[in-house]
Amino acid sequence: MPALLEAHRITVRFGGLTALSDIDFALQAGEVLSVIGPNGAGKTTLFNVITGRVRPTKGRVQLRGTDLTRSPAFRIAQLGVVRTFQKTEVFGQLPLIDGVSAGALARGDADPTASAREALATVGLAAKAHLAAHQLSYGDQRLLELAQALAARPAVLLLDEPASGMNHQESTHIMRVISELRTRGLAIMLVEHNMHVVMNISDRVIVINYGKKIAEGTPEHVRNDPQVIEAYLGVDRPSDALAS
Amino acid sequence: MRETPAQHPIALLATLVVLLAVPLVVRDEYFLHLFIVSGIFVIVAISLDLMVGYVGQLSLAHAAFFALGAYTSALLFVRFKWSMWVGIPAAGLVTALAAFLLGLVILRTRGHRFIIITVAFSEIMKLAATNWVDVTRGFMGLPGLQIPTLTIPGIGAIDIASKERFYYVVLIAAVLTFLACRALVRSRIGRAFVLVRENEVLAESLGISAFRYCMIAFVIGAGLAGAAGSLYAHYVGFVSPDLFNFSWVTVMLIMVILGGKGTLVGPALGAVIFTFLPELLREALQWRMIIFGTILIVATLFMPRGIIFPLLEHLVPSRWRTRHARAA
Amino acid sequence: MSVQLAILGQHLLNGVLVGCAYALIAMGLTMIFGVMNIANFAHGEFYMLGGFLAFYLVSLVGLNYFVALPTAVALVVLLAVLLQHSIFRRLRDAPTMTTTLVTIGLSILLEHVALLLWGPQPQSVPTPFPPSPINLGGIYTTPLYLFSMAVTAALIVAGHLVIRRTRMGKAMRATFQNKEASALVGIRIDRIYMLTFVFGAALAAAAGAVLGGFIPVEPTMGGVVTLKAFVVVILGGMGSFFGAIVGGLLLGLAEALGAGYLSSGWKDAIGFFAVILVLLFRPEGLFRRA
């Protein structure tokens, strides 16, 4: 079955630095694909390429066969590929209901406010819809980001460290939400350092180190891959660092 | 999105009734003159608020658009005898077009660069008005502009050049501008303006094109400013390169900032206040501008919502406030 | 020497001096922008005040010219300290619109205070140099010109050395590159802000005082000076010291040649058009290093 989102040989070079080198992946609807790797490996750069914030030196990104590579960021979002950011981005002073309606507005939804309410309900923030974004706790703001993205009715969701800084209760909640979205048929790509989340929610995992893909497969497979272990730890030690 | 008591429909209607009665009550030509000029600047301030208050970009080209509109209308009148009725829409269109072309070049930049380029554009316009003597007559300007008669089929030609009559022309223009801009900011486009202002990167990542909405605000704002410039030119009777002086920008900014950017009503009130106030402080021009400069500094640093709304909220009893203000 | 060449030489000489003045003004502006992230729309007023204070001290107070120049600069420095303490300190980390509006307000304020004090007439700083021309192989110049040229060139070199070699300069550059890291290693950011601001004001005031004998100053000139300085900063790359120097010289020369061979009325537009072109084709500036 042809993939929903595909990347071919993505390469990004800034001056003398190669941030990404020959990255391929394919993502299906209803699938959760996690991208892991040491800090600075190039994971966020990959998201930036997919969403049009960075132009790759080489390579292509395709959504249902349509080439996205040269499209501007807002157009890619309208086509159905939406992301969240590593550093929380919200519409600080606006009430949640107004900020979340952004994606729906951009798509030309008949009733953006209703779509916003729906998205807030999905993530569990419906009760706080009248508050301003800056009044929320950190964990709630991360959920808010997810709601903002959902209101744009994406086919593909790219989540950049959605569970970062969350306590156990919060990360369990967000995992539940992500699972629910997967059941609804969204294709989800995750950059995450929290291995508990990665191992329990992913269908497949890609490991990137120094801009190159060094492993790909099921969570179990990747956890035991010697190259991956070495990349994270530097020497051959048991894979307990990758365990939850 | 948020409405204060001042924007309540009853308050607006009451204001309109009062405004309609002005020429009947105010007989002094000088005060009527001030009302007319304020009305023109209401249009300027509201149109500037679209860019500064709603989209959140500080365009310093607004005065240049105002002056460009004035010159366009003046040239059409002086060279082709086209009356103000043609001049106003023509000026609006020409300035809108100029804004569109300029926007194509500069609306992808942000921050300081954007601001500086708008100033550079204004200076180029000023140089053109001063040096392109064949067309603009340079420092001598273009005098002899007139307010035309208003011809209504069935009634005939009405003379509107008197201050009492022209006041109503300006009032209608200002009210129409306000209603149109209010409809714009309440529409989906207006909601997009605010989203771009609050977090542009986020808005883009959700599918909103910042460039497109900045352009819309820029072009519409400029067109309205140009039309206002045309009204001003015909009312005052002449144009000169002084219209391109930077001091006009300062005044416009004060009207918007002190009035309360992002509210439309605030800048409209600011326009009236800052047309009357300086005239009442007729003493020395120098002191007037010194005070303006100080006000701009103090207001920007300490009064982010402007003077008017905080003042009104202070004066209006709290019972009224909670009853009429919708949730923030 | 042929007449054409002599005329060209004349234009170039003028252009270099004006270019050096632009460089001095832009150097300060770009540092303020780089370190404090403030686009100082009142910067040209420092130039104007440097010139007017020099004029005032020489003509009305009767100070010796060579004493008046540094005194004028010192007075402007005093003003800068006051402004930093009362206003600019509050602009730290403020959004672009806020800092721009405040500096615009300040520019208006200073301009009209100058108008109030000295009136609208353009004034030249009286200099002790004889007006007799010196013949440099067909190109004529005056002692005043040579003095002005020497001083501005020396100031540019001094400015460059301060930034590159002194501890203060290094601290400034560090703050420019990474504010948080600089604070962490013990650099006092508020002090660096003050130093940067004062440094910028001093350079601009010095340019004004020195060039005031050559080009008349008027209270309303600050705005155009600021704008030209911004043009240079954008051309050279915002935050680039080197770019400010080279950009300033380029603009000075371009304007002199433009005024000489095209039209003096339009010469101001050269920079404005250049800025729009640079923005279209090379937004980071002509000189990439920051």
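Labels A, B and C are assigned to the chains in the order they are written; within every chain, residues are numbered from 1.
Note that in this section contacts are C-beta pairs under 8 Å (C-beta built on N, C-alpha and C of every residue); 3 or more make two chains touch, one makes a residue touch a chain.
On a predicted model such as this, the values are computed, not experimentally measured, just so you know.
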Chain nearest the global centroid, as defined over all protein CA atoms shown: B
By CA centroid distance, what chain is farthest from subunit B? A
Would you mind pulling out the distance in Å between where the CA atoms of subunit A average out and where those of subunit B do? 44
Would you kindly tell me how far, in whole Å, the mean C-alpha position of subunit C lies from that of subunit A? 48
Centroid spacing, where centroids are CA-atom means, of subunit B and subunit C in whole angstrom: 34
Give the residues of subunit B that touch two or more other chains, as numbers and ranges in rising order. none
Using the touch definition from the top, list the residues of subunit B that touch subunit C in their complex. 52, 56, 58, 105-106, 109, 111-113, 115-117, 119-121, 123-124, 127, 130-131, 246-247, 250, 253, 257, 284, 286-287, 289-290, 292-297, 300-301
Note which residues of subunit A are touching subunit B in the complex, please. 51, 53, 72-75, 77-78, 82-83, 85, 89-95, 98-99, 101-103, 105-107, 112, 130, 132, 148-149, 151-152
Hey, which residues of subunit B end up touching subunit A in the complex? 1, 188, 191-192, 194-195, 198-199, 201-210, 327-328
For the subunit C and subunit B complex, residues of the former touching the latter: 33, 39, 87, 90, 96-98, 100-102, 104-113, 115-116, 223-224, 227, 230-231, 234, 238, 263, 265-266, 268-269, 271-273, 275-276, 279-280, 283
